[in-house]
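This is the structure I want to talk about, given as structure tokens.
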């Protein structure tokens, strides 16, 4: 159910509606807009009688929402969401670039890469302190030590830190250090974890699961928003298909599909999506050309080691070139995008 | 690394080897066999020098294990694992049948279905108290109230209870009531949860993720075993494909593939795999024919409601027929299976 | 459009209806049933006015058929189709077993394998004379020489010959020698070839394309039937998925799905579906258990060469065992099948 | 086998090598380069002894080629192939845009759309006269009448005609009218058809099959080239996956993957790949950004009918905008592409 207030409705009238919703045992989600306020209602099992609300002063209309997602959809909030992260943002005028190593390995490595990233005018730094690994015997990340290194990157370079929250046990700790909480593809339907970051005041970057449909992806975001955290950034990172020339098949068509249904920003991670360096730049360019709000890429500082260590990480000079191309393509795409792709 | 003791090695010699492994900072996994004991080693990042162990008294050989999984594989333990659940078992001579409602909805519903299940000579009862739901607005299960109902089913009918553990927060609670802890497909790579049930003394039934490769599936089981819980039952429940005539595509070929690589038992869930009742019986029969150690199916007590409620749940008379067919086909398959399919 | 004649309609009345259909520029497909005759109409672009026909003497009703397929569906012909191949049949009481080498390589090899096949009481022999090969540099089959060898197998052992038609150019030649014309997975949507075999008087075995949906599969059969050849046998042989433990993922759930919608018989080819010998027997058993009308498997006569040559071909003793198991499982499944699975 | 002549080898020496290859029963494929000539050998079943050739005058070296494709690969021909179509080309400096209706429906419709296309400075016109249709009851195209309409488009507007060859029966006819012969996705492994267009002197545009791996795609091109037609253009048009928000999942990562292995140009068809108009422009931009040599899109002249008729066809004003964006993005991408993406 979605309550749309009249343009002239007073703040008191909005408050009264919120109160009635709470008294009925539901949860109100007020969303102030430029000309009028909309209020989403969640927590109801079945349909709610709209007449409960239509009789209240200041209410324009009460609309039944049939789609399985509500807060995520454009019905409830038509305008694009811009997620502010301090003075930076994702979903705004400029494309967001998030770059850094796959995993935080040491202070030295991290600082070196951060310097490259910052020198390109990029605002977001990525790096995993807790790593989800397919094998129990693989390196699982430095844990809190890694988070402390990331905090030093923020202090020194002013970069905003994007890092993964692996589980509810370590969520408090990650929340202390991160600027944006990343939920990995394997956890896209870890509903307890989604609810936990939904109670956080930090923005959440939610990666699409390896075989998630668009609806499942949006409903995972809905889990977060239903707890009150509306600062959700979606991230396409490739899906599982039969194709064997690439680790995952990057599904760029999901970008206009998300934009059609949802107001949330969406970025693309071509590093995990392709698994091979020579594909990362072309697909990063394509991500911007398709209309994504940004990209997340892995950068490596040691070309000679990178040959074996990080076949998907960009070398510094590649990254410099990519940043230029991203801005050039974005300037072609912006302007027209809102007209054409939605 | 795998240490194979000599047939004549004494218990003291085995203990000495375990001690050396622990002193090196690794974790030993002793696995006594009919004629000799094997000891798996985990916790090492890279290769271990075999000469550490080959010089110890009673050691036959020290073998480097190159596959990413160790405890799960047949290298370490050749013979099939039979998981005992009280007096019942999975992976033993008889096919295991696990049946019950999708979710525990009420005491009455649950008891009625349990009576049908028990009357067929079936030993395992399934039913969800905590339900993973794609939408935050869908019914999420009765929680502890549901677990208590399941406990009453066990008390009344002697059925062993298989129920899902959704997260680490509720794991303690579920562990108190369940006989077998089920890990759902969406949590197959929820590594914190896998580690948690790895410390449990209850057997774990691990469902294959919707887009998990065989190796990822086995490594998820390895996570559980690496914590010391060797009673893992694998469960195929269908994978995501382009095919639109069925909710998931049941991949029965994974059964002989698992049996080829692993000693763990594997069962099949054709109810979630197909999503439609008229396919459940044929595919349950096929699961037994392909050599699975059992099946898990949903049974519904109210045919008239089932039409809308549970399009994948079997009606009682269908279930009775299925149990008969399972036993008939199993008797054709057993005997030959060990020769042919492995 | 489907015209259902009254039970008491005379042959003359049926003829009159056929005449009217032809005069309207459409194609009639009379299908005599036990109690009444139905007449399918194809060749129309849009809807036909049923009143054209309802006024004719002997017509019971004229039904608009909304599904994209007509002749294939159970609306037009409710009873299962049994395809007769001389004195043998597919879709009848006994499971059909089709066995033989992948390709006809020489007279000696083919005769040796045919002897094994015939000695098990099997009635159908497979073997490719024209082989579709992914690479232009691979062995493409013996051509007409291979067909002549197959004809000698029929003469000597009385086996019915199932062999592939690769293209319209060689269709006449293959038709002279074969008892059943096989259309391979890669040609499932080679519409010119489908139309060509639709004009043949030989039965056609149509393999499902590697990424064909159920509807596309049935419509491919419809292409054949629309030309007048109603003796079509469907064959599931595995689909393309992300799973990498098997060459193709055998989709056994398509068997009950086909049986639900179509009267045509369906068999399963687990040799191409799995690509590995140790999976062929389990999946062949599963195919019968799921309710398929038969199986098609590859048999190899030289175990010592087979190790490298034909990793998916069964050795003779495996085949003997498989035939026994197929009959044992079929006897469990039959009887109940019509009640349960449809 | 690949023979690389010395830089100073004379034409006579090259001729001698070709002669020897033919005498051995193989087929030579001479490929003159800037500094030296390479000669591919096909037609051999197994390995050829390189000493046959290394002793001949003018031969630099004889290299065994282990990849399953030869003529398609960069081993044999390092430089990018530019396919000339009269004065236009594909794979050259400018991005190729191929636009037009899905099917040729009438002279009027086709001319109207051609005028829009030509007025944007676009050089290639697409339109189907023979249409592959999933259902035998769907419109199958105007046939030769459609081809004649396409010829009039060429005469009037100077546009090069790209149209589909459906089968060997109609190949002669299509060849008379077309400038580029299109092989559709369903025919990617119709080997008889591939061989037929391999003997043509017209360039061939080969679409990737719906579930074709990269190797299968390249080997299909190899079939065409092995007959002597080296003017092959590859076309990505989307693959089958579980994703249900789009008809096919456009796999843009195949573009850099193809460019890595093959010298052939590759274009992208985002109209069939996405099936929805609001995705076509974003994905067409992404195709150019990823480095494709061109795009193929559907354009519709009647917005009011297009709403129901052609949900994937671009309206004229959309097309005008797209052409501008394609050129703007291409100018960003070119220059750097050869350095970065290969």
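For reference, chains read A, B, C and D in written order, and residue numbers begin at 1 within each chain.
In this section, a contact is a pair of C-beta atoms (placed from the backbone, for glycine too) under 8 Å apart; a residue touches a chain by one contact, two chains touch by 3 or more.
As the structure is a prediction and not an experimental result, all values here were calculated from the model.
A.B. asks: Among the other chains, which touch chain B and chain C together?
C.D. replies: A, D
A.B. asks: Which pair wins on C-beta contacts, A-C or A-D?
C.D. replies: A-D
A.B. asks: I'd like the Å distance between the centres of chain A and chain D, where a centre is the mean of that chain's Cα atoms.
C.D. replies: Using C-alpha averages as centres, the distance is 38 Å.
A.B. asks: Centroid from C-alpha atoms only, then distance chain A to chain C, rounded to Å. What do you get?
C.D. replies: Centres of chain A and chain C (C-alpha means) sit 50 Å apart.
A.B. asks: For chain D, which residues are shared contacts with two or more other chains?
C.D. replies: In chain D, the residues touching two or more other chains are 211, 239-242, 244.
A.B. asks: Using the touch definition from the top, list the residues of chain C that touch chain D in their complex.
C.D. replies: 42-45, 68-69, 132-137, 139, 166-169, 186-187, 189-193, 195, 210-211, 215-216, 219, 222-223, 226, 239-240
A.B. asks: Flag every residue of chain D that touches chain B in the complex, lowest number first.
C.D. replies: On the chain D side, the touching residues are 211, 240-242, 244.
A.B. asks: For chain C, which residues count as touching chain B in their complex?
C.D. replies: Against chain B, chain C makes touches at 211, 213-214, 239-246, 249-257, 260, 273-274, 278-279, 281-283, 285-291, 318, 321, 325, 328-329, 332-333, 336, 340-342.
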